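My questions will all concern the structure given below.
By written order: A, B and C. Residues from 1 in each chain.
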Amino acid sequence: MRKEIICTVCPMGCPITVTGEGDKIEEVAGYTCKKGLEYAANEFAHPVRILTTTVKTKDEKNPLLPVRSEKPVPKEKIMDCMAEVKKVRINKKINRYDVIISDICGTGIDIVATGNY
Amino acid sequence: MLEMKCDVAIIGGGPAGLSAAVAAKKEGADKVLIIERDNALGGILQQCIHPGFGLNYFKAELTGPEYAGKFAEEAKALGVECILNAMIINMLPVEKSAICVNEEHGVVNIKAGSIVLAMGCRERTRANIVIPGTRPAGVYTAGAAQRLINRQNEMVGEKIVILGSGDIGMIMARRMTLEGAKVVAVIEIMDYLAGLTRNRVQCLDDFGIPLKLSHTITKIVGNERVIGVYVAQVDNKKQPIKETEEYIDCDTVLLSVGLLPENELTKKAGIEVNPITNGPIVNQYMQTASEAVFACGNVVHVNDLVDNVTIESMKAGKYAAQYVMKTRVEAIREVSSITGDNVRYICPQKIVITKENEKVRLYFRVLTPEFNVVITVSSNGVEIAKKKAKRVNPGEIEFIEIDTVKVQGEEVTVSVNKQGGAGLCAKK
Amino acid sequence: MMKTDVVIVGAGAVGCAIARELSKYKLDVIVVEKKEDVGGDASKSNSAIIHTGYDAAPGTLESQLVVAANPMYDALCKDLDIPFERIGAILPAITEEQFNSLPAIKEKAMKNRVYDVEFKTKEELLAIEPNLNKEVKGGLYIPRESIIDPFILVQALAENANENGIHFLLNTEVTGIQTGDKCINMVETTAGTIDTTYVINAAALHCDDIAAMVGKADYKIVARKGEFYILDKNTSCKVNKIVLPIPTKVTKGKLMCPTIHGNMLVGPTAEDIDNKVDKSTSKEGLDTIAVDVKKMIPGVALRDTITQYSGLRPNRNPEGLRFDMYDDLKGYINLSGVRSTGLTLCISIAKYVVEQMIEHGMEVSFKDDFISKRKGIPCFRLMTEEEQEEIIKKDSRYGNIVCRCETITEGEIVNAIHRSVGATSMDAVKRRVRAGMGRCQGGFCGPKVIEIIAKELAISPEQVNKNISGSYMVARKAR
């Protein structure tokens, strides 16, 4: 399989072509620096994304608390993670970086608060 | 009328105001007061729940609330005070006072030693760019929709067309999609992406949202509520090509068509505003033409990185404090920064020369994108600074540093030219 | 079934003015309005000018009514707390041909009994209006042409009528009128049937549809669209007076004038359309405004626009404002052809209608407890600091500024919602207190106003409409 990837490490935005199958990378072409090579390889084999969203609180005036995945989660699991996040209801005091959902969708990554409640 | 006294009054508690407050305190100002219209500090960052903040300043990828939170905590720890849910309705630069209205205190006259303007910006509207058609419900600026979804828990619609490929537009494309709406297309009038490439990848490509470059919305349709838009390709004069017009079914239009510094207070106070930036003219201390009034953040010029807002705002806070404490180095004279080749605007517009050398960063935006350029600053025909850059584009603020001791004459000119070709200091 | 003496169809300027006039008498009156608010159609999308009638067709009922109405506004606006200003108008002649047409215009004004029209020289005009085309040859000055807040005019009439006992059925459509024995029997509406003696058709754009229900539609209403620009209060090129073009047969032409709140208004176009619904603006239409107005005010800065809108004039075919009562249909009053001068003559036509009804046998007696005055919604922005402190002490919500561009407080918005014939939609709030009329066009205050309306009306935010039913602001909750 061949994938066209635009590197997002720096504003140059180099177009990089990665050829391979699943985890196995056969060829990477078009990168101009080491960071780009690393990014493209990861993006091909295990694309990940930081998930940021909100969870519902009980407060009418401040009905939402912003949250994030502590580390990037596998891209293909984003919508499943969203479904889990939508179920949460906050009804106690929360400090920034408190864990809201631990090990979301079996990724080993926590969803933490990015604000206080 | 209630009176509140302070040394430095900061209008706006977003990233600019918070950074200025922290710096003012650290410089030694006694009472630093932030006046904020929202019910919490953080400004626009409160609704920017996505990551991308602090890559430079904190060497970490933070979300808006995290970035604001760090500064809010530092401000609190340093003893910065604030009034929330308070709107400044008038600012009197000579009297160094500001009139504030708030439910709790009524009308308050805030008397300060110096004032820092940090009001941020507002969004360009549908009417500013004259999109014809009907005026149904369902046409929102991206920021207003963002506030609704991230602070008020309301989805503006289910089937969205976004005009403008700036970062706000793309961020909202992802946000709405994650919450279950369908984003049908992002429409961009230029032939290049307005925002960061990483956002195109992570907000549009990831979700299969089409990006239509060189297109614009020619008409909004729907009586009570949006039912669709007409979209057409544009020619090289950015005029719609009628034959290419097509109809897109949707119930919501989000507009991400530009930001305008919110300077109504500034203008009302008679402080000179630059017509290109739409922000007050400032010197390297972020001081406006009115000596007790400083300004920082998006109210001076629309920034792309909040990290830069922090750096600039810390200057404003520091010098606003120095002004009150009368500790600033005396100025000998003032020169102007002039836009040369391919430079749209420079900030600061004025540079104060003192008897000591100062390293001053001149921030600027180019008019057109270019690769492999050389940035030069000239003064009286002499090159006083030079820097190379692989890539410049209007969407990213650049800077070049000068030594004030090298400045001759009345002006310094910043030019951006393709490497190995153009001359120096071509004055506009 | 409801029972009343008079049903007024349509709560625009005319309908509300008639309602207010009738509210002086011991009568039961119901006003039936299709939209969610009064003044929601032509009454809200015009040039907000109170005309003198200088250019009406002499000898017509329209001419008499406009000329009679103009002087009534000083007292009315004082009593009902309506923003109004006699700023005056100029009619500049830019070309030789236009200059030569001035005497005829003045003569027509005299025929209309508008005697205070004066010739002005080029120098005098340029002194009054420095931004005028320097090629101006001379012109006319019409001192009593005035500007008003057209929204508050209609609201004030409606509120005062309501305070004096008139019922308003909003969001209610007339679906039929039953007659029998050469008189009116009943009006069928989507809110039920009303047993009534009189029906006054003030439905403007739809008055032919109403007339058809009683077999009196011997005319058609053709909508004539007019597009406008509103410019920022800080626009670089302003005018002091209403600057009027020399009129043509089709339209009064495209003018430029200040609004009562300090913006500039430029327009309107005049385009007949084949439906009564299309209020879209178009690039072609808006562009013609630039071309025409620049002839008089070359520096007009349309790039300073903060909004564009369009309205539909209810033009009658055959033309002309008409008042009709019928011997073979007692109790039915038909008003048709009320258009450009409708806003101006609403108060005089109201008196005329009532006078005619009395002449045709309506028996009435005055109410001795008629409330003749109305106090409008407090305007925080225009108060002194002491007044602002006072009002915040009385109701702390006046200390919560919701609309930053126009300095509108939550207290004013709440007042607008809960007063007589109060606001129930975003546009209704906007027209009462101006929240959303500023340069950010509701970008900042919009999300807050949705919350306030929801709270005050005890509905969910998803039920808050921009205006009529179906114009929901937000689709659903995210969580």
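Note that in this section a residue touches a chain if its C-beta (ideal position, glycine included) is under 8 Å from a C-beta of that chain, and two chains touch if they have at least 3 such contacts.
Small disclaimer: the values here were computed from a predicted structure and weren't measured.
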item	value
Centroid-based (C-alpha) most distant chain relative to subunit C	A
Centrality ranking, top chain (CA atoms only)	B
Averaged-CA centre spacing for the pair subunit B and subunit A, given as whole angstrom	27
Distance from subunit C to subunit A - Cα centre to Cα centre, in angstrom	54
Centroid spacing, where centroids are CA-atom means, of subunit B and subunit C in whole angstrom	40
Set of subunit A residues in contact with two or more other chains	54, 56, 63-64
Shared interface positions of subunit B, touching two or more other chains	151-153, 179
Contacts with two or more other chains, residues of subunit C listed in rising order	478-479
Subunit B to subunit A touching residues, read off their complex	39, 46, 49-51, 61, 63-66, 69, 150-153, 178-179, 196-198, 200-202, 206, 390-391, 396
Complex contact set, residues of subunit C against subunit B	234, 277-283, 285-286, 305-309, 385-386, 388-389, 392-393, 396-397, 399-401, 404-405, 407, 409, 426, 439-444, 446-447, 450-451, 461-462, 465-479
Subunit B to subunit C touching residues, read off their complex	1, 37, 85, 87, 89, 99, 101-107, 122-123, 125-128, 130, 132-137, 140-141, 143-144, 147-149, 151-158, 179, 218-219, 221, 223-225, 251-252, 264, 267
List of subunit A residues in touch with subunit B within their complex	6, 8, 11-13, 49-50, 52-54, 56, 61-64, 66-68, 75, 78-79, 82, 96, 114-116
Residues of subunit C defined as touching subunit A within the complex	478-479
